[in-house]
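Report on the following structure.
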Amino acid sequence: MINLVSRADELLESKAVQVVIGYEAGSTGKARPAFITDPSKTGSLIFDDRCVQNLAVYLTKKEVRYFGKAAIVATLPIMRSIMMLISEQQVFAENIVVLGVSAEGKYIDIAGIEVMQQYIATCDLGNPAKDQETLAMLNKMSTQQKFDFWQKELSKCIKCYACRQACPMCYCTRCAVECNQPQWIPVQSNLHGNTDWHILRAMHLAGRCISCGECGRACPVNIPCHLLTMHMADQVHNYFNVYAGTTDKMSSVMSTFEPNDKESFIQ
Amino acid sequence: MARIGVFVCHCGENISATVDCHKVAETVGKLKHVAFSTDYKYMCSDPGQTLIKEAIKEHNLTGIVVSACSPRMHEPTFRKAAAEAGLNPFLCEMANLREHCSWVHEKNDMTTDKAIDLVRTLVEKVKINSALQPIKVPVTKTALVIGGGIAGIQSALDIANTGHKVILVERSPSIGGHMSQLSETFPTLDCSQCILTPRMVEVAQHPNITLYTYAEVEGLDGFIGNFTVKIRKKSKSLDEKICTGCGLCTTKCPQKKIPNEFEEGLGFRPAIYVPFPQAVPNKPVIDREHCTYYIKGKCKVCEVVCPTKAIRFDQPDEVIEVQIGAIVIATGFDIKRADFFPEYGFGKYKDVIDGLQFERLASASGPTSGAILRPSDGQVPKNIVFVACAGSRDPAKGIAYCSKICCMYTAKHAMLYKHKVHEGKASIFYMDIRSAGKNYEEFVRRAIEEDYVNYIRGRVSTIYERDGKLIVKGVDTLLGGQPVEIVADMVVLATAGVANHGAEELAQRLHVSYDSHKFFAEAHPKLKPVETNTAGIFLAGACQNPKDIPDSVSQASGAAVKVAALFSQNELTREPLVAFVNRTAPPLYSTCVGCFLCQSVCPYQAIEREDFKTRDGKIIKTVAKINEGLCQGCGTCVALCRSKSIDLHGYTNNQMYTEVMALLNEY
Amino acid sequence: MKIGIYPGCSLTGSARDYNESVFALAKAFDIELVQVPDWNCCGATAAHNLNKELSLSLPARILATAEKNGLDEVLVPCAACYSRLAVTQHELKMNPELKNRIGEIIGMDYRGTTKLINVIEWIDAYIIPNLEGRITKPFDYKVACYYGCLMVRPNKVLNYDRAEDPQTMDIAMEKIGAHPLYFPFKTECCGAGLSVSRTEIVAKLSGKIIEDAEHRGADTLIVACPMCHSNLDMRRPSINKYWESDFKLPVMYVTQAIGLAVGLTAKDVGLQRHFVKVNIS
Amino acid sequence: MSEFEPKVVAFVCNWCTYAGADLTGTSRIRYASNVKIIRFPCTGRIDFMLLLKSFANGADGIIVSGCHPNDCHYTSGNFHAKRRWIMFKELMDFMGIDMNRITFSWVSAAEGARWAEVVNTTVARIRELGPYVSYKQMVNTAVEEEVTND
């Protein structure tokens, strides 16, 4: 922790960055995001098991950008989010300093994008084991069972779009769901609208989801919507041998192709 | 308020035999916003078209649906008719009642119902069609030809002769290409230089051609009719205007042992040199890599001896930018060298040479003045072996394709050898003899029957040296796979033709596609063999795949006609069915967030960046912008765009959505 | 230093000299060679012509056994065994379905993680780097290195050296003071398995190899394959008979040559077991 | 009750399958009239949402068809489409939405007979599967909910 704090301190003190995005202890015992602009306040930064939120989501927010250059406490999913954001030109590498945190919670020095890329390359990029198990279980179900499962889950959706807001990759200023000419997604939070919305979200995150699970955590009615995007991440790797967020080069799976992409269903 | 007209065609009886056309017109006529609906025997006939035109005027129609045959057949006809009646042609849609309905279904109510549905769907669509204006693009009537081999020369001359300006860029010091290296040419055995050099001189003297030798294309911007090309003119270390080309410097240069590229390493040249006697332009360049002055800082012999004081040691490279309207790529090919073949000694046997080296040996202007001599000891080879398909048609070597020219030039080589060494023995190992071409087969037969060339059908497994001889081990498949061993004095490998070095980089610079072998890719293998996928860029010669001279010249002329056709108009008119990025009021400007994933999906590099700036030049937002000159309207970007910020004229999200809704819902 | 070793049938039978030299060399360089326990036949050279699954199952069982016993790296001195094992590893890696099927057949967990090395790779990795100061008797002879086929092919699978003109053995020989000759027959066929059924073909093919090496003035042939060795050495009388000549060129294993250079005796490396007398010690 | 007549929508590209279907016509090859074609410039243009809209609005089956790989008029639209459908199908399978309802195919401008075959087998399959109720049910429940909410 010393390293993280002292590094944050140093960056703010030297004015190398104007804000440090990290975690601090919240009043309810949970960790909450912290935006520190004053070097004397870096002591409140924490990092422990409670710090799971994907902070990269703030990098594209106007309010955070306003501060200027940012340093961000980054675990693997956050680093991968940053890679994706750079590759999709939403964040510029020169405007951000990464304060890396390893899987063991140790500070790691990430001096530049290349170092981050190398670090990511050494990590296991699959879905978290727990989610992977659930996916495997769901995949074993029959079509009707799956349908019923998701209809039951999605019937709870209140279309609050917390899943979208929490996701670093959902940075569009106007989401397709807000497009009303034509009205792609029925506005009401009914089963039809909910299903279409979640399909749209999963398709838009295909090849872009970095398996942080934030959407599922953000859902106020506990829909495991992260399983949809994680399933896509899994399949993207399965079909195209690609994990999202491993490079800062433009490389989205859905905007590229290989002539010999394998499929078995097109006649 | 939309006022739609519907015109149902009977197509004689082609449609009305199974579809109740009258019922279709009647039913659709009752739909909301349909102001006029009728059926008629032949809509495409003159009276039919007149009927449409009059209805448009009389009923003040805002859109029409002609329900007849396939739009692929008559859409232009009816759009033209609409335009003649003052209706924007893009407000005319066609429902395909013939190919997609009457011809493929039984006569029954379902078929008529389907016809109604098809018409209804397009009525809904045409209601939200927008009037579109054709896109006009100005044309700069100067062509760029890249590569000064026979293909580039031919293209440049053909374009120049139509009265348009041409810039010909060649990266070596002289034009002429591989053809200038050849001794004689098949199937006539006329001397290559004799037929080529007049063309080279014509290029140099043509008032419409600007020739840049020792120059390379560095970058390309823009689109068809409006390219800006950046050309690097490498320094020749010499003032060309003063140099008279007397050649004194080249004879006095103390550095004389540089392997001569033109002689394929079989001879030497000085550091200041003219590649070959008939070079165009016939003025030397200094090869800075090997020049003593540039290496050690002193020498300058050439400067001392030059009678006109033309040497300029400190002359820099010059980069120029030129506006052009079209490009012909004619960068040619290269061959694999003997060091590509481990089984034939990795190029370590001096007497195992490649086809181009043999050309130089056989050439009267070559290092041996046309005598066939072994490079190792200068002796006349008594027994010579040619290996066709060295590398070609060999997937294990990564070259699955046929190099096309080797069968013919190997036959020619064997003939030339026999004509010069009468008592010598020539054998050719081959896989198949591919001699399709005018007088080609006859030529090969002559080699076999009149010059007694020994053709052995089989491949060579290994070549090795023993006691100064080359042992060629192969197989004769026509003798039931019998092993053959020939003790040869010299071996000529007809090595595979491959993409020229630098082809990949050039393709990337020009944004044209290339295949897995780095050959430039044509737009369509059959119907667009001269075009590339980038509009305004054409291919000529062996840069596309190995080709012989007649094929290269034909394609070069083909490319020239494409360029001339493009230059025949002052403006290009294009169908406006292109993509566009939406615009909204500030501060959003557009719903596009600038992820630019659409850039990688676009096959035409039609997506550019557009910055919105404050008055003091600060960038507020960068969004995608479609270059209408390049966009071909496939719409792949539209389906990819997550925020629905890109749309496609003629097939907008709203139109496609409306079609689906109309087709499936009851009316 | 501990490395697994799969001897196969040859090294325990007709190529005992090879076996002795490998172990003697290992000992001299403090390398412990651990036999893959309970090893079985690799299937060479007949199995893959008879039954594909069998030809993959046999090597797979060997590899699975090595994995089970924690042998990450296994030296396979016999080129034929090496080829079978490497080909199996490659095929099962490329085809997961087949891998599962073979796993079922052998009833063992096969992962394909074992790193296989042939004798030249072994020399390259463990002997050559530690040669310094150990050469007591430079191997001052003109040598013709004969690689044969199984060690370098199929190139796609083994991806080892330049298949058409391998170099590693020549380089190793230079390191011990020998003078490798230009030898175009280095990968030519020795007749291989026809040794048993069609001896005259072996006599013809192996004879060519010996003739060319002798012609170029070689003092000895250097090999790394028991099959090549037996064809070139044991079959010498029939070669001489076929060629109506009296070739005396000895055939040595690469391990024997290195062994002698680092001070092992002729007996240490099993030279006395050769049919063609080796006048090198 | 009359026999079930499936509603099938075909999303096809202009250059290959649309032209192929034209050829079916000029060859006078008969096929089921249940299918209705919507023309797109390229399979790359086909938005997956349109497939969902079709189901929501009563389609029992869908055909998506374009140029064979390497034959795309725009060189790569169909390759991008292929990736899109791979992922779409995976998601639909995962969510229990029946992908037997959709036929993906490549039909070239020369394959008139093949187009008829694709249509006929699709219509036959959908006929066997019966009306597609799951998606419609979802829509219907939604409508009912709205009614009760009011």
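Chains: A, B, C and D, in written order; residue numbering restarts at 1 for each.
The rule we apply is simple: a residue touches a chain if its C-beta (ideal position, glycine included) is under 8 Å from a C-beta of that chain, and two chains touch if they have at least 3 such contacts.
On a predicted model such as this, the values are computed, not experimentally measured, just so you know.
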Remaining connected clusters, assuming chain B were absent and nothing shifted: A, D | C
{"item": "Longest centre-to-centre distance from chain B, chain (CA-based)", "value": "C"}
{"item": "Pair joined by more contacting C-beta pairs (B-C or A-B)", "value": "A-B"}
{"item": "Nearest-to-centre chain - CA centroid comparison", "value": "B"}
{"item": "Mean-CA-position distance for chain C and chain B (Å)", "value": "52"}
{"item": "Centre-of-Cα separation between chain B and chain A, whole angstrom", "value": "43"}
{"item": "Chain B and chain D: spacing of chain centres that average the CA atoms, whole Å", "value": "36"}
{"item": "Residues of chain B engaged with two or more neighbouring chains", "value": "601, 640, 653, 657"}
{"item": "Overlap residues in chain D, where contacts from two or more other chains coincide", "value": "48, 53, 76, 80, 84"}
{"item": "All pairs of touching chains, each written as two labels joined by a dash", "value": "A-B, A-D, B-C, B-D"}
{"item": "Contacting residues of chain B [partner chain A, same complex]", "value": "588, 591, 593-601, 622, 640, 642-645, 653-654, 657-658"}
{"item": "Chain A-touching residues of chain D, taken from the complex the two chains share", "value": "48-49, 52-53, 56, 69-70, 76, 79-80, 82-99, 103-106, 118, 134, 138-139, 141-142, 145-146"}
{"item": "Residues of chain A touching chain D in the complex", "value": "138-139, 141, 143-151, 184, 186, 188, 190-193, 195-196, 199-200, 202-203, 206-207, 228, 231-232, 235-236, 239-240, 253-259, 261, 263, 265-267"}
{"item": "Chain B contact footprint on chain D (complex, rising order)", "value": "5, 7, 9, 14, 18-19, 21-26, 28-31, 33-34, 36-42, 44-48, 50, 53-54, 57-59, 73-77, 80-81, 84, 116"}
{"item": "Complex contact set, residues of chain C against chain B", "value": "162-165, 182, 184-185, 188, 212, 215"}
